[in-house]
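Structures follow.
There are two complexes below, and they share chain A, which is joined by chain B in the first and by chain C in the second.
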Partner chain A sequence: MADDAGSVRLYGRLVGAEVRSAMEYPGPFAASLLTSFAIAALEVVAVAAIFSNVDELVGWSLGEVVLLTGLAQTGFHLAEVTVGQLDHLPDLVRSGRLDTYLLRPRRLLFQVVTQDVDLAALGKLAQSVAVLVVGLAATDVPFGPRSAALLVVSLVGGAVIYAAVWIATTAVTFWLIDSREVSAAFTYGGRQMSMYPLGVYAPSVRTLARYVVPLAFTAYYPALGLIGRDDELGAPAGLAWAGPGVAAVTMVVGLAIWGAGIRAYRSTGA
Partner chain B sequence: MTGVAGGEVLIELRGAEKVFTQRVRRGRLRRVRREVRAVDGIDLTVRRGEMVGYLGPNGAGKSTTVKMLTGILVPTDGTVRVDGLDPNRHRIELARRVGVVFGQRSQLWPDLPLVDSFELLRHIYAVPEADYRERRAELDELLDLADILDTPVRQLSLGQRMRGDLAAALLHGPELIYLDEPTIGLDVVAKDRVRRFLAHLNTERGVTVLLTTHDLVDVERLCRRVVVIDHGRVVHDGELAALVRASGATRTVVVTLAEPGPPLEVAGVAAVAVDGVRQRLRLASDGVSASAVVAAAMARAEVVDIAVEEPAIDEVVAAVYQRGLADPV
Partner chain C sequence: MRVYVEVARRAFRRFATYRGATVAALLTNTVFGILLTSVVAAVVRSRGGAPVDGLDRDGLVTQIWLGQGLIGVVNIFFRTPDLTERIRTGDVVVDLYRPVDLQAWWGAVDAGRAAYEVLVRFIPPVAVGVLLFDARLPALVDVPAVVVAMVLAVTVSFGLRFLASASGFWVLDARGVERVLLTVWLFGSGMSIPLPLLPDGLETAVRLLPFAATIQGVSDVWTGTTSPSLPVALAGQAAWAVALLLAGRATLARATRKVVVQGG
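Up next is the complex of A and B:
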């Protein structure tokens, strides 16, 4: 589109306005930042708790699972900071604010993700980056251009996959009024699932994560590539690099579902 | 006709229908689908430069009409055109040329100073710098915004916020505005200011206005033409005076007596309501002279105060609606 450059600047302005709004209440803002950091940290405690009872999980060491956790969390929280505002969609529909957005000459999705930005998600993002760094150190991932490139590719791919899943599952709101449960099962639930090696899951879940909702590409395959080990489930090594391609396809599908949702909303009302 | 002569057609609804499907609970699990016709075949033409009062009881289909005109909702049947464009397919293009104010819903950023909302909207609408500055200067003056620009929106009074929302809806220089109860909840001074501003927009700027309201004074002061809808159908489309006449609603003479007494018997009065020293005399018809009634009342009792009340819009609309069911206009 012609005004894409303008959209990037407008994105900055709108998110900036959200930051200034949050700063109107510095106390609650700091508290929620700390809380979100702590909650994210608890998930790592859960991983550590498992390894206090076992030495390895389907052949994965503690350090390797921490790396997996760091990848899953970082990709997820990157997506959360960007599109987590979609969780407010049911409220926007109910309060009529969504209609206000439809009166403006901008795409609906763009307006939804630039309102009510939850800056506390930055706390979770910071925590997950820390976990990722610990995981990289613990697994002796060789430091070099290949692993650096693979890391960037994985995180971008992972974030886009989570964002696409978020967009697609939130669009259910347009048909069902409140999609939060459905959406959370795939987004928050998907992150939770991706924190552990695919091998611990039943074959049906593995199939789902590889071919349907491609969460295996957010952490599992990238982690294999970074550590340099073969997939015990027999996937080719090159899949570690497939993230962005899979992400692009997932996003196209996600946006199509979103578009269908808006059309349903506009023809049925809510 | 009542439209401005020669003005080109800006809004056109032809047999517009909007049917919602609701799921109604019947028993613990059973849900029955029920169809609700919010808009049931509306024909309406508004020409450029007109200011039309769009009235009707709650749930009559006013908001649904506006939502179809803005492309938020797609009509179930019939056609809707705004400046020849289908609002459904050209939502974004039309949004650049149309302004909307919902009296009970603000589009401003509550935690930021008012001026920040203006700046953000300027970028959302991609308003060129020079145009923006010119319009801001005009709106700041007409709506007296200077003192409230730096106040966070959540701290504004209702009247101040409404002025802010009006300005916000006009920053991109729309040629057409939809106003949904723009004076609701405002005090007399604030209402007057908003009305004068709307009149200025329409007469000086040629902005076309579709005004939804429950306030008869809004309509009297601003709109020559009034469209009344009920149950999703147009039951009146014409001049305000004709509407009041058609409704049969009449004025009321309110007299305050020196001391309480029996209901006054005065020719030309249809009904008397007594409330202590105050008596409300409803005129029998539009032809009865209020001053003759006042004179007759003063001949019968000692009157310390008098007032003449116009028929309330709700009564007028209700009367037109009741008549409209049997005899649609």
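Up next is the complex of A and C:
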């Protein structure tokens, strides 16, 4: 039903058009990038401020927590740049515009995530990469092919897990009309959770983050692997490399929920 | 005066129709409440139980759940962009013809909204915090002061949001202004991290801004940790409320005299 190669070409043209239009007004565009960069930095200030009260948080140093934060935020913002437009799905359903999307010869998910390109989100992405670099430097992660490979594996895995969670929780809209808060609880809530070591949380939250919504694979296990630290909670060392596998499974489940949502969709008739 | 009371009453009823969204918002509040409770509890544990600026573990946890309860009441996320939209589309011109005060009209709408949110968005998270996470209720003698602090918090937040909306008379997209304000507000109010956990110099600076009056101010009164004293703390909140309302009036007056409204 769908011409996927054509879709990718279309997306490329859309991004190109957005970049050209932003470049018509380079001043305001730079200002909006800078603003979103500065704003994202406030979250790191909050993390760093915690350490003005303690030297270590459940055995983790400031540098190690900054690394966690950098991994969590970079994975999250990569997903946000890609599928963040899902947040507008409730508007499409309520206004009835989704019906016109369903008539077009492209995949619905693709149309929803590409309805707009938010270039200012690149500012937040740049900021989270900066945090990640600071975290890597502060924890003396050895510079070499193993670290580089683990970093790429972790970021791709993390981004795909966040995207899958975003897709699955947004699909709630097909049943309940407004999913924005439900999806925020898991996406923004997931990022918030991943910014701190798993040992901070109660056993029930840890279990959830390991086996149900596998957010532990977006930052916690990758950070352990990068630092070369044993998990005080007893997980085997190789888990750092499991991110892409876990991410693939999560995405399959997320897409299945999305598919079930589309089949359950009843137009509002507006 | 009567017209504003009626406006507030109708706003209360209007917001009572969004039940699904309210339930979903409570889910988000609870998730964030649990996550932030874990973090502040871990901080106190890592300090060997020593309190931070007079707040022990339960005191910090109280602020976390209070914040989750207040976030909807003081509407940090700008969930009602009506005025912003009317300025963007130019419909505000019709409002200016009416024989009512524009700021008082929207203030009344916001009062009705806040009253409704206290019932459905404030009480449930605070109850969860108290029943499951050892958050504290205020001392009985402090209850009147807490009510005053909450009314002032809503007034300050309305003042901030009114100014953000009014920026739409000059900039094309006031929603951009609101997005920036939202993030600064989350930090400055003590939502993302209770202000007593900040390094002292930074805490003093952040407390000088109006954002602290919306959540941290209420929390200080609730937990009995106002500094230097309760009357001074409430007076500080009241000063911001008055200053922001006056700034809103001045901005509106300027806008109606000088600006060509869009979309006409």
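Observations on the model:
In this section, the second predicted complex is superposed on the first by the 240 of 270 C-alpha atoms of A that agree within 3 Å, B and C clash if a C-alpha of one lies under 4 Å from a C-alpha of the other, contacts with A are read in each partner's own complex, and residues count from 1 in each chain.
Keep in mind that, in the parts below, a residue touches a chain if its C-beta (ideal position, glycine included) is under 8 Å from a C-beta of that chain, and two chains touch if they have at least 3 such contacts.
Just so you know, these numbers come straight off a predicted model, no measurement behind them.
Shared-chain residue A:Gly189: touches chain C; no touch with chain B. In the superposed pair of complexes, A:Ser32 makes contact with chain C only, with no contact to chain B. Counted by residues of chain A touched, the larger count belongs to C, out of chain B and chain C.
By the touch criterion defined above, A:Arg106 lies against chain B but remains apart from chain C after alignment on the C-alpha atoms of chain A. Look at A:Ala17: by the touch rule set out above, it reaches chain B but stays clear of chain C. When the two complexes are overlaid on their common chain A, residue A:Ala46 makes contact with chain C while staying clear of chain B.
Shared-chain residue A:Gly6: touches chain B; no touch with chain C.
In the superposed pair of complexes, A:Thr268 makes contact with chain B only, with no contact to chain C. Chain contact summary for the complex, chain C toward chain A: residues 20-21, 24-25, 27-28, 31-32, 34-36, 38-39, 42-43, 45-47, 52, 176, 180, 183-184, 186-187, 192-193, 197-199, 202.
Chain A meets chain C in the complex at residues 32, 35, 39, 42-43, 45-46, 49-50, 52-58, 176-182, 184-186, 188-189, 192-193, 196, 199-202, 205.
Of all the residues in chain B, the ones that touch chain A in their complex are 18, 20-21, 38, 64, 67, 70-74, 76, 88, 91-93, 95-96, 98, 100, 102, 105, 107, 109-112, 116, 119-120, 123-126, 152.
Taken together, the chain A residues at the contact with chain B in this complex read 3, 6, 9-10, 13-14, 17, 20-21, 24-25, 96-97, 99-100, 102-107, 263, 266-269.
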